[in-house]
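This is the structure I want to talk about, given as structure tokens.
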Amino acid sequence: MADGGTPEPAPLAAWDRVKLARHPQRPHALDYLRELTTNFVELHGDRVFGDDHALIGGLAAFDGCTVMVLAHQKGGNTKENIDRNFGMARPEGYRKAERLLRHAEKFRFPVIALIDTPGADVGVGSEERGQATAIAESLLTMADLRVPSIAVVIGEGGSGGALAIGVADRMLMLENAIYSVASPEASAAILWRDAARAPEAAATMRITAPDLLGFGVIDEIVPEPEPAHERPRATIQATGAAIARHLRELLAAYPLDDPAAVDRLREARYRRYRRLGVWRDEADQALRVGSAAS
Amino acid sequence: MADGGTPEPAPLAAWDRVKLARHPQRPHALDYLRELTTNFVELHGDRVFGDDHALIGGLAAFDGCTVMVLAHQKGGNTKENIDRNFGMARPEGYRKAERLLRHAEKFRFPVIALIDTPGADVGVGSEERGQATAIAESLLTMADLRVPSIAVVIGEGGSGGALAIGVADRMLMLENAIYSVASPEASAAILWRDAARAPEAAATMRITAPDLLGFGVIDEIVPEPEPAHERPRATIQATGAAIARHLRELLAAYPLDDPAAVDRLREARYRRYRRLGVWRDEADQALRVGSAAS
Amino acid sequence: MREFFQRRGKFRPQPLDESGELQIPEDLWVKCPKCDEVIYSRELERNNRVCPKCSHHLRLRARARIALLSDPDSFTEWDRGIATEDPLEFVDGGGPYTDKLARTRAKSGEGEALVIGEAMLEGRPLVLAVSEFEFLGASMGSVFGEKLVRAIERAAERRLPLVTVSASGGARMHEGIFSLMQMAKTVAALARLGRAGAPHIALLTDPCYGGVSASYATVADIIMAEPGAIVGFAGPRVIEQVTRQKLPEGFQTAEFLLEHGAIDLVVRRDDLRATLTTLLDHYQRNAPPRPVEPLAAPVAVGERADG
Amino acid sequence: MREFFQRRGKFRPQPLDESGELQIPEDLWVKCPKCDEVIYSRELERNNRVCPKCSHHLRLRARARIALLSDPDSFTEWDRGIATEDPLEFVDGGGPYTDKLARTRAKSGEGEALVIGEAMLEGRPLVLAVSEFEFLGASMGSVFGEKLVRAIERAAERRLPLVTVSASGGARMHEGIFSLMQMAKTVAALARLGRAGAPHIALLTDPCYGGVSASYATVADIIMAEPGAIVGFAGPRVIEQVTRQKLPEGFQTAEFLLEHGAIDLVVRRDDLRATLTTLLDHYQRNAPPRPVEPLAAPVAVGERADG
């Protein structure tokens, strides 16, 4: 399978991208918000149990309108990372996301989600409070959202914990971001029972932005002529410009004050996800047991 | 103020009613469900934190249709009462109620609520998990419900913990049930700093069914010619007949398959609560400081 | 639901003169209940009753709060003339409710425990509903509920943002079941405000309990609280009595609520105007134009239950 | 997400013969993994693979589950002909994915990890989607997702109740990001089912994790689980590795989930038909009449992403 028409003259190896996506100096969500938005008001809490610091959200002015922002937030150092749980959200985080998504629907704020997480939190407490259900309900709310949404993978897009805020009308990805069904280390542990073979797993799993563009999973790559941590402002500005362009397109196609646009928007979003996957339709026949995939 | 046209030849003192409302042999919610409904399927959990045993809910067939039942459940003995927390719901209970109310809206099940609680649970955990918010959100969901609802105070109607499932299109009350802003004991402690004066507080606070009918807070009293615990089946049957009558009226006025009925139903419910209260409208004038009440 | 505030520090009433202005005796010194600093009262008022030494937020009366949250002379009060009745013919250890009401009116300078009206904040229109803790602990009875509902209905009609500021001991015992019903009535009105597309921004201030914290005050699009404000369902004394448990440090403070996910923001009094202005702009930026304001807002006259 | 089931007891595959019937060797004895009782396999099958001694619910294969949940000969299977591709050209320590698929098909007697179709249960119509744990741990890849979405769409079109039965290790690694996307795709379809007014009843069976437990399986109107079924987001081994914590007794069992509010009901396999029938009646009793069934259900043909 080809990658599709990606402009990628000298492609980096997947593992190089993994290292860039995780680079500690890579700009994180709040860096984007500071640079691209004004009047950010962070809104806290799930109204049920707690406030998750790994998944933040709030209202901000962006490109002339107010948007609801949801974002995984990693720390810039160890202390911050402990507070942010390394960007791994707990059920409270996904429930906060869901609450803010409903808020966005009520007041017709478009949603912008910045994805940057190794994955959802793993732990006894997260299981007790329904991590699986919290993610599933966030998926449902995003899938059925009455306002336009744009998600951007700015760093790591780790599994269901990333997808939970990543069901959107437009899906962008930075050139050195990754997005995968499982982390390279977890993949290597499963595939070869050896986490040290993560670089090999990273290549096998096809987790880079050019891969995902080729697969039709993302709509656009935000280029990083130099890695984001080397030129953070330029990268953030380029990301902001791409988001603004897509947002304007969406608002033109689905005006916020047109109630009829809601059904069309949902239908288009459904079609976007409905087609994802690769399969072969054969005549509905008796199963040929043991037949190869051909 | 008069009690209004209540048929009450030999009224019991308020405190006698309190004792009857709390009588350990008085039928509790599950006794009503067993007698009046078929195919009850209890639905558990708030999908967030826990399953509250003091506030139960589920689907049941009643009078030819399926209804969503919500009910406080007291125990019949000490062991049961510990499991049921004496009918005092925690935030999980009110969140389960809210979840089931949304379920009822989605599938157009009328709601029947049986109220029998000393009040909402008081404790550190309940505060930590947002008891006030849980009650408030249940109130909101009931106030705005898209399907008809009937609430019946079958025993104790204690404060906000009772009201949380008691915002309904029809409000019934058993003759020996009570419904109050605070328990007689708490009232006495506040009014005279002496909980032992509860009987006096019970009279002062006007908490009996005839009082509330006179105040326009409830729509009908289900008579108890003999106290419910002495003739439980007869009381339950009379209650069922009253619920069925009101339910039929509501379904005739607001058919479940008529989308236009939703707005009318909500409007009527709003009017029902909008008028509750006693005040005097004077010309909008400069405040007369220290003036007496009339 | 009211008993908890008996354990808290005494509030020093500030009587109003006939013009409704605060009368502050020139020579009054106030002791900060948190750090014990003795503060010259004029300085404290200039600082919006935030202790200059420890930043403790002392209670602010309704009219001072309104002054803080509106542009000068922009506040138009609504429904001052709605008066409290005594449907229970209520008498307790302190005597008849009607007498208590008369004394409270004289002492507090207010007709009831909630002040409502419209105002401008940095030129942005809003509806304000502010509780007055000095009036029977800002307990919610029929008039409180009715005034709040009128404010909500007018906000909905004109799609204006509603800002509620609440301190309250809960439901007003003296009006019995009518007080309980105000919880349902106010929340029901907020459901309609939501459908009208107007935001409800709630500010919880010290202290806020029971019938208020469990009704309109937490059914809000944004819930803010002042630093250190104590907010909960049941009062700490009741919880200690019931559970025979010592309460953890910082229990029921605004910061505790934030950590437990119950509120959106803790906002210092200094930042309140700016935060509110920012939020008002957010809710207006994508919104359709507001309906043209009626020249005179029609007064929605409530029916009376017992008349 | 898949590793956890390596620590669980080996499943004994039961090959299908050409007619699709279960072939059970006459002389097979099975040991109950919970109580170690040795049970004659015919007796175990007659008992729906519930241990007659300790009531442990052994895993049930997809076709046996369908037989349990439908009237005899009422099940019509849909989309057996949809076939798995290898978009990643995936090779791991066990060799190419295509080889693994071929072996799995032969071993399991199934074409993929999900069986869908329509059936009657006590005369009531329903759509069934049942996962087959013997097929790569019922991991969800493109075909699983596509088949489930077709089942959901047809249920929505005809307003039929959808019953999903899930055991799964999670997302299928071999199809990478496509597998992750099935979580969004299936949930999006369920949103439309909900708007069509048809219920989704989910049964979680042992074991159910990750990509399945965190998507369609918990976006259900009713969530049931079988006694003792292990259900969670992350597998126990991963949690122990990450947290270096010993897991509590009963962790992630159906009973644990019930206590923590995550599911509506724990239903014994014996009671499953009756409970389901009761629920189907509830969802039909107040509902408007179903649309008249099309003579032949049109097959919704999905677009292909990369073709």
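General observations
All chains are identified by letter, namely A, B, C and D, in their written order; residue positions are counted from 1 within each chain.
Following the convention adopted for this analysis, a residue touches a chain if its C-beta (ideal position, glycine included) is under 8 Å from a C-beta of that chain, and two chains touch if they have at least 3 such contacts.
Keep in mind it's a predicted model, so treat the numbers as computed, not measured.
Set against the C-alpha centre of chain B, every other chain centre is closer than that of A. With B-C and B-D as the two chain pairs, more C-beta contacts join B-C.
For this pair, chain B with chain C, the centres built from the Cα atoms lie 27 Å apart.
Annotation: 41 Å between the Cα-based centres of chain A and chain C.
If each chain is reduced to the centroid of its CA atoms, chain A and chain B end up 45 Å from each other. Looking at chain B, residues 47-49, 129-130, 133, 137 sit in touch with two or more other chains. Touching two or more other chains at once are residues 260-262 of chain C.
Contacting chain pairs (ordered by label): A-B, A-C, A-D, B-C, B-D. Within the complex formed with chain C, the chain B residues making contact are 1, 120, 122-124, 126-133, 135-137, 139-140, 143-144, 159-160, 163, 166-167, 179-182, 186-187, 189-193, 204-207, 211-212, 214-217, 269-270, 273-287, 289-294.
Those residues of chain C that touch chain B in the complex are listed here as 1-3, 16, 18, 78-93, 98, 101-102, 105-106, 109-111, 141-143, 145-146, 149, 171, 173, 175-185, 187-192, 210-211, 213-219, 231-234, 238-239, 242-243, 245, 247-248, 251-252, 260-262, 299, 301-306.
Residues of chain A that touch chain C in their complex: 39, 41-51, 59, 61, 64-66, 92, 96, 103, 106-109, 256-257.
Chain C contributes residues 194, 197, 199, 221-222, 258-265, 275, 278-279, 281-283, 285-288 to its touches with chain A in the complex.
Listed in rising order, the residues of chain B touching chain A in the complex are 47-49, 91, 95, 129-130, 133, 137.
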